[in-house]
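Note that the chains are named A, B, C and D in the order they appear, and that numbering of residues resets to 1 at the start of each chain.
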Amino acid sequence: MEIKNKKLTDHQFFAERKEILEHWPTGKGVDFAESVEYQKSIPQEKRFGTKLAKAKEENITLIQPRAGVALYQEHIKLLQYLENEGEADLLPTTVDSYTRLNRYTEAQTGIDKSKESGRSMLNGFPIVNYGVEICRTVTSALKSPVQVRHGTPDARLLTEISIAGGFTSYEGGGISYNIPYSKNHSLEKTISHWQYADRLIGMYEEAGVSINREPFGPLTGTLVPPSISNSVAVIEAILAATQGVKDITVGYGQCGNLIQDVAAIRSLNILTREYLDKFGFNDVRITTVFHQWMGGFPQDESKSFGVISWGAAAAVLAKATKVIVKTPHEAMGVPTKEANAAGLRATKQLTSMLKDQSFTDIPAVIAEANIIMQEMKCILDKVEELGKGDYAIGTIAAFQAGIIDIPFAPSRYNAGKVMPARDNTGAVRFLEVANLPFTPDLLKFHREKLEERARYEKRPVSFQMVIDDVYAIGKGFLVGRPNRVNS
Amino acid sequence: MEIKNKKLTDHQFFAERKEILEHWPTGKGVDFAESVEYQKSIPQEKRFGTKLAKAKEENITLIQPRAGVALYQEHIKLLQYLENEGEADLLPTTVDSYTRLNRYTEAQTGIDKSKESGRSMLNGFPIVNYGVEICRTVTSALKSPVQVRHGTPDARLLTEISIAGGFTSYEGGGISYNIPYSKNHSLEKTISHWQYADRLIGMYEEAGVSINREPFGPLTGTLVPPSISNSVAVIEAILAATQGVKDITVGYGQCGNLIQDVAAIRSLNILTREYLDKFGFNDVRITTVFHQWMGGFPQDESKSFGVISWGAAAAVLAKATKVIVKTPHEAMGVPTKEANAAGLRATKQLTSMLKDQSFTDIPAVIAEANIIMQEMKCILDKVEELGKGDYAIGTIAAFQAGIIDIPFAPSRYNAGKVMPARDNTGAVRFLEVANLPFTPDLLKFHREKLEERARYEKRPVSFQMVIDDVYAIGKGFLVGRPNRVNS
Amino acid sequence: MDKKTIVTGVIGADVHAVGNKILAYALEQAGFKVVNLGVMVSQEEFIEAAIETKADAILVSSLYGHGEIDCNGLREKCDEAGLKGIPLLAGGNLVVGKQDFDQVSKRFKEMGFTKVYPPGTQPETTIDELYQMLGIKQQ
Amino acid sequence: MDKKTIVTGVIGADVHAVGNKILAYALEQAGFKVVNLGVMVSQEEFIEAAIETKADAILVSSLYGHGEIDCNGLREKCDEAGLKGIPLLAGGNLVVGKQDFDQVSKRFKEMGFTKVYPPGTQPETTIDELYQMLGIKQQ
């Protein structure tokens, strides 16, 4: 398979499309022209991109939950509850794991078993099985814009049904919905699949319907250094823009050190703009999303409120356009609607309370952002070099060479050699840089940061730090100190 | 009545003491020499000052709830619950409002009615009515150090019974437990009463027993500009040290703007040390306490978790030695033990998670702290001038002249002319400086800050801002914008 | 139309001054004559002030939790003092702890209060209720 | 003493890799021979690996909520494949949502699992349980 970062031709696209819409019976329900009209009938205040643009202009941070259940009437009730009782500004529809893997038969079993047992046996909403009409029933029942959130390596049919179904924003990307979410999908395949999704959205755009697109920022959610996830975000923004996408929200998953978190959003903003402009995508609108801590949560609900609130605060102080909200049930399982709304309200209190405070321009943030940007440039420029200017080819080569390497990812197409660990202030640094193409200065910077921690903890820099850091937030800490230090 | 900031003579003290111990039958149970021995038998890890000193050395922030109920067995259970389930580092015993006003007969009614009804009919624990032995039963039943927290203008008998009863820390002061907590007590009287309390603790100190003393930082808890509360804290530290107190925790109530809050603790630390040293109290140990937002809370429990967590974060980033924790029931009433523990655990998550991050030395904080310190010096030096070097006399004169003036205080001895309001970033500024002896530069600074807000809100600087600010946090905001701006 | 006179204050040993100050200000803005007794007001002081100013209603605040003890007997004392039927309103955080408000309201009504308000009652609500109760048409 | 062999993996369409990686590392450190199948492991793969490596126990993780569907029938397949009686342990976030764990445990035991562990089970606990279950004396 040969892919290039070039806009798919109509010929390519429609040939592929014919096949895709056959994958499951509901594919027949998709009619592009009719869907364009349907999308145009959606009022502006229910359009995702419009609401984001307004928030960006007002310098405020919107809040959005994750949520999805097996039965659609229940799903509507859930989302209504979240916008009314949870004060959510933006709504999600989180898709179940079978659909994510195109296992629609198993998803159907899930729907059926859920009907029988009266509780949701799926961890999300099976969009493909339901098809266009039911999706429209869902999206039109709500006051707020709704986005599809999933984790699907091959989301072509899902994208078709979702946009025809009235969703106005769509998460994912050929890297971010592959490497953290899959074991065996090659990047060639998933980048190609996502070119399809992006091209479809580009076609809606050309037909006068703007759909917001969001690469999945946090990747594995666990100690991912900002420069890695930011680089992936920039690449996916370039890939999407190439297919004609005009409205992109780049994302980042909170690491926990405030300076680093604010700096991550700062650098993400600056370099996404810079790289998009470089390729002539000056008309692409950029907004940002900050994910509250995406790794392991404390079991205790009150402690979870602490983590959630800290994420909310960091998002606002970083001036992210929206924040994705966790719930006090995070460590236990898919939350009840009450727990979900509780996380939202705690977050809302802080997004509104802190909206007039900003940390984006303080010297420590600027310094940290400069480090992140240097690292991003090392990675991105090497990707460009490997691809001889083509970011699709470059990305595939970069993963092969470990130039991009995502910690803890399940994919066999990921080198898995990079090892992150927190420094003495909790910022995520590199314990093992492996093949990342960093300058000697950057290597030295990270080494010194970890040695500082090692001295403080009176133990050598080692893999045990990584393990301790993975558990730390769940146990109430940020830096995973040896017991004798933390107690 | 003539008072001076001089150590009480033994003659004065013991004459007064004889009378005091007669105020209520339980006074007879106090024996100083025996109590010194009892206090000496308390192990170090249960001593308040020791635990604070250790925390200060380790640069961590301890957490402490407020709690007190009418029946002592219930009170013990409550405190045990808070240290076990709430992970409190330090414990309180909050005293009921009748005791605070020396209305021991009504407190007795409260105890009796509570026994009858099975629910606490008092808003705190009536220490005086219970007397020394029951206090010892309480304090010895717990693993952590216990402090008396109250709000008592005349706390002489309460102090005697408390310290004899095994409490190792004691909150209050002649200003901070008068002006916000009383209507008719003159400052002459309450300063004199608190000289007694401080002298008693000085005597314990001389006998080899160190009791921690804490002026009540937040005052009315509602939009008190840091320079006012910090000035009161410094004065009460001086007054206490004069009577021989050696271990002082100065406090501050969160205002909500992070830079200002961190700067408040920074300036409090620096100037308390400076002024104590100036009077030769170089051997007095200073620690700090940060109170999570003390004004009106949101009704919603999840939103309250947001406010609580933000307070926790600010406390740690300011490196306060301890933080006083609110609960998700704050707006509703005295919390259940579960709600109290929930507030504690949310706070604990953040005090431990953020302990390796500090904002005390960032440029914005240093600049803000310099403003606060300039203001404090204006006030303190004027107090000194009015008292011709005597801070007791000076304080009384200063309140008369409105040189110190605490917003929203109920006391008739407070001028009540100063009006605070938030600036455009939520920092508390002066809308009306009234008679505070500020320099023209400072006046200009505050005026400009509020005019900036007025321009943003498109309305004149006015009392309506103050009202809007009082309600703001309860409604989910920090700055009380007019509806058209906030919605 | 003549201004209606309202006596306000915080009963008992309660010193919560903020709400009291702001409520008094809001009532004045809304066109009432406000006789604000401030904090730590005894039952007798409420009654004296109401008689002296021919008040149309008494607004009792209690925040600190002892409201139930402090308010007990106020209605009887009003009756004795010749203030039979005067509207007695209570609001704030009337009891200790987070209790079922219906229960609380019932207990206070049994004590003779005309209306009882839960924690966090907004000034606009208070004003509207007074307009209604005293038959004032809102401009 | 010979090392005991443990097969580990995350069942079904589940890609939660972090706990799996860390658990495998911890088990190795604790002296087990670990055959870690990673994520997205089918029942068949578990069984094949267990047969091939003569495993002493199978540790099934499921995080994403579909555990109940995915684990159903594993015991029967083990029996058929000649792995009668092999300890089958399940842990992670086995079901959708926060459910009463006793109920969950009961359902999984009815499906033939030897022991079932709640969310957040610490590696130390897992190791201790294996030591006990496989009769290993801890040094």
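Note that in this section contacts are C-beta pairs under 8 Å (C-beta built on N, C-alpha and C of every residue); 3 or more make two chains touch, one makes a residue touch a chain.
All values reported here derive from a predicted model rather than from experimental measurement.
Chain C and chain D, compared by their mean Cα positions, are separated by 65 Å.
One inter-chain figure worth recording: chain B and chain C are separated by 30 Å, centre to centre, where each centre is the mean of the chain's CA atoms. A separation of 44 Å divides the Cα centre of chain A from that of chain B. Chain centres here are Cα means. That of chain B falls 54 Å from that of chain D. Residue positions of chain C with contacts to 2 or more other chains are absent. A linear topology is adopted by the chain contact network, the touching chains following one after another without closure. According to the touch criterion at the top of this document, the contacting chain pairs are A-B, A-D, B-C. Across the complex, chain B is touched by residues 12-15, 17-19, 21-22, 25-26, 38-40, 64-66, 68-69, 93, 95-99, 119-120 of chain C. Taken together, the chain A residues at the contact with chain D in this complex read 97-98, 100-101, 103, 106, 109-110, 113, 119-123, 151, 180-184, 220, 222, 295-296, 299, 329, 331-336, 339, 408-410, 463, 467, 470, 474.
Put simply, chain A touches chain B in their complex at residues 256-259, 298, 300-310, 312-313, 317, 341-350, 352-354, 356-357, 362-364, 424-426, 473, 476-479, 486.
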